[in-house]
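What follows is chain A paired twice: with chain B in the first complex and chain C in the second.
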Partner chain A sequence: MESIKIKKITSVWIITVLVLFVASIVLGILMRLNQGGALNQAPINFYSNMTIHGLTMIGIWFVAGMAGINFLMERYVKTSYKANLTAFILTVIGVVMLWVITLVGKFHVAWTFLYPMPFKIMWAKWATPAFLVAMSILSIGWLIWSISMMTQILKKYSIAQAFAWQHFTKDPSVKTPPFILISMITLVGVITCLFVAVVLMALYFAEFLSKGSFVNDALLMKNLTYFFGHTIANEMLYLGLAVLYELFAEVGGKAKWQTSWYVALAWNFTLIFILTAFFHHLYMDFVQPEGFQIIGQLASYMASLPAAAVTVFSVWVAVYRTKIKWSLTNLLFFIGVAGWVIGGFGAVIDATISNNVVLHNTLWVPAHFHSYNVMGNVLFSLAFFYWFSIQFTEKVVNERLSKLVLSLLIIGGAGFLLAFYLGGADSIPRRYSNYPAEFTSAKPLALVGAAFATVYLIPILILFVTITKRCIKVLFSSR
Partner chain B sequence: MHQNSILLLFFFLMGIALIVFTYIFFSSKKADQGMSNPLKKRFWFFLILVFILGIFASVTIPNSPYFAHAGETPAKVVHVAAAQFIFYMSEQAIDPAKPSGHPIELPANEVVEFRVTSLDVNHGFAIYDETGRLITQTQAMPGYVNRLRYKFDQPGKYHVLCLEYCGIAHQIMRTSFTVN
Partner chain C sequence: MYKSFVFFALIVLLTHSSSAQSFSDAMKEEINIYQKIYDAPLQVAGKPPASFKEFYSQQPFVLALVFTRCVGICSPFLVNLKETIQLQPFEKDFKIIVVSFDPWDTADEMELLARNLGLKSDPKWIFAVTDSIDQMNRSLGFDPVWDSVRMQFDHDALLVGINGDGYITKKLIGLRERNELNQLVASIHNVFSPTYRLPNPNILFSCFNYDPISGKNKPGLGLAFLALPAVMAVGVLLIVSMSVRKRKIL
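This part shows the complex of A and B:
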C-alpha cells in the first residue's frame, strides 16, 4: 500500500522528533531544578533554554502530527514525497539554526518573541536576523508541505466533499472519511496561521532593513504573533486527532468511524472558532477593542464544544461496554483524550476574562498547555509512532512493559502538571528563572515538578528505544 | 478567594473527568453491547454543554476588568511607565525622555486609575497584596496606555511585579506602593 519512500521518511521524522523531545525534556527539567534552587544557572542561560525548549516542543509536535497525517493520507490520496522531503530538510535547517541562535547566540526572547523584544539586542548581534531567517525557513517549509497535502486532497475530493458539506443533505452519495475531513479543516487552519507567520516575519524584516524609518505597531504585532502562535499550537492537536479518528477503532478491532452530518457540522465550526480564539492572549491589553475581547472568550468556549461533544464523546461511546482489543496504541490514545479534556478545563477557566485577571502569565498558563501536550497531544503522536513502528517489524508487544510505560507516564505527568496548577493558583509568575522570597511555595513546587518530570522521562526513554530501534530497521530494509 | 474557587472548580471538573474515563475504561472489559458507529446521536450532550457554557459566559463577562468602575471618576490617577527592568510611578505624566517616579500612596475604598505604558518592550503590571496574592493586572505596551481601575479595600503595602517576559532581569523587575 504505502510506498517504501514514505515509510522511510516517516521513520526519519519519528526518530528526529524523539531525539529532540528527549533533549527538550531535559532542558525542561533543568528549568524546574533552577526554579527550585537546586541549580544556579545565570538568568541568560535559563531564558535561552526556555526559548529553545518552547520553540522545539511546538515545532516537533507540529511536524509529528504532519508526518502522521501524511503517512495515513496515503490510504486515501497520493501525497507528494518531494514536499514531505523538502519540509524535512527545511525543518532540520531551521531547527539547527534555532539551537545555535539560542544556545550559542544566547538569544532569549521566549518562544513568543513578542515585538519589539527581538530588536532590543541583549545577545549576539547576528542572532536577531538569523532568528528571522530561521523562522521564515520553517514557516515556508511547512507551508509547502501543508499546501501540497491540501492540493492532493482536492485532486480527489471536491471542496464541498473535503469539508463534508454533502453530509448536510439527506442522503449523501459520497462519504467523506472523517480523516479527510479533519485533515482538511486542520490544514486550512495551518496554512492560514503559517501565512500570518510569513507576514509577521516580513514586517520584522521591513523594520530591520529600514534602519529605523519604518516602525511596527506593538498591538498589531502582538495580535499577529498570537494568531500564529496560538493557532499553530492548537492545530497541531487536531493533527493528532485526525490520526486518532483514523486509528482508534481500527486498532481496537472495530469498524471504522464514519462521518455524519453532526460530525461535519462540528468540525466546520471548529475551523471558525479556532481562528478567533487567539484573542484570549490579549485580554490584559485593555486597549484592544472590547468586542475582540468578548469574541475571544466566546470563541474559546465554543472551540471546545465541537471537540468535546464529538471527539470525546465518540471515544467514550466507542469504548463504553464494548469489547476492545486494548494495546499500547489505543491506551495512549485513550489516556491522551483524558489529558486533553482536563487541560481543556484548565484552558476554559483561564479563557474566562474575569479569571484571566488573576491567572494571566502565572504558572496556570504552562499548567494547562502542558496538560494537553504532555498528557494529550504527545500521547496521540506517540500512539501513532508506536503503531507505525510495529507495522513493519516484529509485532511483539510486551504487556508488562506497556503497563509500566503507561503507569509512569500517568504518575510522572500528573505530578509535574499538578505542581504547575498549584503554583498558578498561588499567583506564582510564569517565566521566572528564580522566584522572589515571598512565594514560599514556589521552590518546593518546582522541585516536585522536576522530580515528577524525571519520572515522566523514563517511559519516554523506553519508548524512544523501542520505537527508534524499529524505525531504524525500516530505514535499512528494502521492503 | 478568587484563586481558591478557581482551583476548586478545576479539581471538581477534573474529578468528574477522571471518574467518567475510568468507569468507561473498565466497562470495556465487560460484555459487548457497543454501537456500530459511535459518531452519531450526541445532540443532547452537545446541548447540555452549550447550556452550561452559555450560563458561564453570561455570568462572567460582565465581571471583566474593562467594565470595572467604568462610570466613576477616579479619586487618583497614577501614571506608570515600565522599562527594562524598572517601573516608574508618578502622579504627574511621565516624560519618556527623562522618566522619573516617586513613592505612591493611594486612598483605600476609592477608585484609583493606573495609566500604564512601556518605554521599550512589553511588560506586565501586576498588583500583589501583602500575602503575595495576585489581585489585578494589566499589560504595559509600548505606544499604548492601558487604564486599570481598582478599588483597594485593604490598607497596606502592595507589590507590583512584571508579568510579561521582558528579558534577563524580568524576575526581579518590581516596585511597590502603599494604600492608606
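This part shows the complex of A and C:
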C-alpha cells in the first residue's frame, strides 16, 4: 500500500527527529543544571542553548507529526514524495543553519525571537540575517509540504467532505474518516500559521534591509510572532492526534473509529478557536484592546475543550471495560492523552486573565507546555515511530523492556514536570540563567528537574536505539 | 524683576541642554531601575539618626540629590519641584527626601537650605546628609564628577522614586513637567502608567495609532496583517479545491 519511497523517507524523518531530540534533551538538562547551580555556564551560552533547544523541539515535533500523517495518508490518498523530500531537504538546511547560528554565532533571542530583539545585535553580525533566512527556508519547506498534502486530500474529498460537514445531516452519503478530518483541519491551521511566518519574515527583512527608513510596529510583530508560534505549537499536537485517531483502535484490535456529528463539530470549532487563542500571550500588553484579551481567554477555553473532550471520551470508551490488545504503541498513546489533558488544564489556568497576572512568565509556563509535549505530543509521535518500526521489521517485542521504558518515561516525565509546576506556583520566573538567592526554591527545583529529566532520557535512548536500528533496516531494504 | 529674568533664562538654558541630551538621559534613567536603594544612614538636623529603610517602610518617597554649594541646577531644580508639588497637590501621599552628595555638607547646612526654600517646617520634606555617599550613588546609578577648577560637581538633576519596599521605580533627570512627576509618584505607589508610542512616519503598519491630542488609540493598517494569513489560507484552500475539481471534470 505505502510506496517504498514513502517508507524510506519516513524512516529518515524518524531517525533525524530522534537524533535531534536526544541532543535537545541534553541541552535542556544542561540548562536546568545551570539554573540549579551545578554548572556555571556563561549567560550567553545558556541563552544560546535555550534558543536552539526551543527552536529544535518545536521544529522536530512538528515535522514528526507531519511525517506521521504523510505516511498514514497514503492509506486514503496518494501523497507527493517530491513535496515530502523537498520539505526534508529544506528542514535539514534550516536546522543546520539554526544550530550554527546559535552555537557558533551565539544568537540567543529564545525560540520566540520577539521583536525587536533580533535587531539588538549582541552576537555575530551575520547571525541575524542568517536566522531570518533559516526561518524563511523552514517556513517555505513546510508550506510546500502542507499545501501538497491538502491538495491530495481535496483531490478525493470536496471541501465540505474534508471538513466532514455532511456529518451534520442524518445518514451522510460519504463518510469522512476521522484521520482525514483532523489532518485537514490541522493542515489549514498549519498553512495559516506558516503564512503568518512568511508575513513576519517579510516584515523583519523589510526593516533589516531598509536601514532605518522602515520600522515595524512592536505590537503587530508580537501579535504575529505568537499567532505563528502559539498556533504551530498547538497544531503539531493535533497532527499527533490525527495519528492517534488512525492507529489507537487498530493497534488495540478494535474496529476503526468513525466520524460522528459531534466529532466533526468539535474539530471544526477547534480550527476556528485555535487561530485566535494566541491573544492570551498579550495579556500584559495594555495597548491591545480589552476585546482581544477577552477573545484570547474565551478562545483558549473553546480551543482546548471540544477536541480534548471528544478525544478523551473516544479513548475512554475504547478502553473502559473492553478487552483491548495493549502494546507499547497504544500505551504511549494512552499516557500521551493523559499528559495532553494535564498540560491543557495547566494552559487553561494560565490563559485565565486573573490567574495570568500571577503566573505570567513564571515556571508555570514551561510546566504546562512541557506537559503536553514531553508527556503528550512526544508520546504520540513516539507511538507512531515505534508502530512504524515494527511494521516492516521483526515484530518481536521485549515486554520487560517495554514496561521499563513506560515506567521510566512516567517517573522521569512526572518528576521533571512537577519541578516546573512547583516553581511556577512559587512564582519563580522562567528564562533566568542563574537564580538570585531571593528565589529560595528555584535552585533545588531546577536540580530535581534535571535529575528527573535524566531519568526520562534513559527510555528515550532505549527507544532511540531500537527504533533507529529498525528504521535503518527499512532504509536499506529493497522492499 | 532682574532676578526673575536671570532665573527664567537659566531655566530655558538648562531645559534646552537637557533636551539636547535627551537620548543619553533617557538611557541614564533606565540605570538600576527595580534595584534596591542602598540603606544609607541619614542624619537630619535635630533628629535622631535614621536610614532610608526607616523612611520607605513607612511611606514611599521621592529622592532629590543636591549639594549646598551648588551654583548650577540644584536651586532651580528644588524650586521647580516645590512649586510643582505646591501648585497642585498629588492624590497619594509621599515624602520628598533631599540628600546631599557632597561629603563637605553637614546636616545644619541642609537645614539652612530647607529654610531658604521655605520648606523647613513642611513635614513632607526631609533634608539630610549621609556618610555613605558612594554606596548610595552606586545603588542609584548616579555619577557626579568633581570639577576642581570650578569647585563644583558636574552632575545630573536627578529625582528618584523609591517604593515602599525600597526599590527604585522610576528616575527623572532634569526639570520635568507635572505629568512626568505624576508618573513618578504613581510608580512609587506601584501604580502602572501606560505609555504610548508617538506617531512615526517610518512605521507604516501599526496595529493602533495613538493620537496624543485626543488621547485615543485608533485602529491602524497593521490589524489587517493579522487577518491576512487567514484570508490567504482560505484563498489557497478555495483555489486548490477549484483547480483539482476542474482537472477532474476535464
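What we mean here is this: the second predicted complex is superposed on the first by the 479 of 479 C-alpha atoms of A that agree within 3 Å, B and C clash if a C-alpha of one lies under 4 Å from a C-alpha of the other, contacts with A are read in each partner's own complex, and residues count from 1 in each chain.
By our rule, a residue touches a chain if its C-beta (ideal position, glycine included) is under 8 Å from a C-beta of that chain, and two chains touch if they have at least 3 such contacts.
Not measured: the values here are computed from a predicted model.
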In the superposition on chain A, see if there is space for chain B and chain C together, and answer fit or clash. clash
Once the shared chain is lined up, is A:Q41 touching chain B (first), chain C (second), both, or neither of them? neither
Applying the document's definition of touch, where does A:V287 land relative to chain B and chain C: first, second, both, or neither? both
Touching A:T468, do we find chain B (first), chain C (second), both, or neither? neither
Scan A:R321 for contacts with chain B and chain C and give back first, second, both or neither. first
Under the stated touch criterion, which partner chain does A:I191 make contact with: chain B (first), chain C (second), both, or neither? second
On the A-aligned overlay, A:L219 touches which partner chain: chain B = first, chain C = second, or both, or neither? both
Can A:M150 be said to touch chain B (first), chain C (second), both, or neither? second
Hey, is it chain B or chain C that touches more of chain A? B
Clash with chain C: which of chain B's stretches 6-14, 24-32 or 96-104? 96-104
Note: overlapping chain A surface for chain B and chain C spans 217-219, 286-287
Using the touch definition up top, name the residues of chain A that touch chain C in the complex. 147, 150-151, 154-155, 158-159, 188, 191-193, 195-196, 198-199, 203, 212-220, 223-224, 227, 275, 286-289
In the complex of these two chains, what residues of chain B are touching chain A? 2-4, 6-7, 9-10, 13-14, 17-18, 20-21, 24-25, 27-28, 30-40, 42-43, 45-46, 49-50, 53, 56-57, 60-61, 63-66, 84, 120-122, 124, 126, 128, 132-139, 141-148, 159, 161, 163-172, 174
So in the complex, the part of chain A that touches chain B is made up of which residues? 43-44, 47, 108, 110, 112, 114, 116-117, 120, 122, 178, 217-219, 222, 254-255, 257-260, 262-263, 266, 284-287, 290, 293-294, 297-298, 301-302, 304-305, 308-310, 313-324, 326, 334, 337-338, 341-342, 345-346, 348-349, 352-355, 357-362, 421-422, 425-427, 429-436, 438-440
Residue set of chain C touching chain A in the complex reads 192, 194, 196-197, 200, 202-208, 217, 220, 222, 225-226, 228-230, 232-233, 236-238, 240-241, 244-245, 248
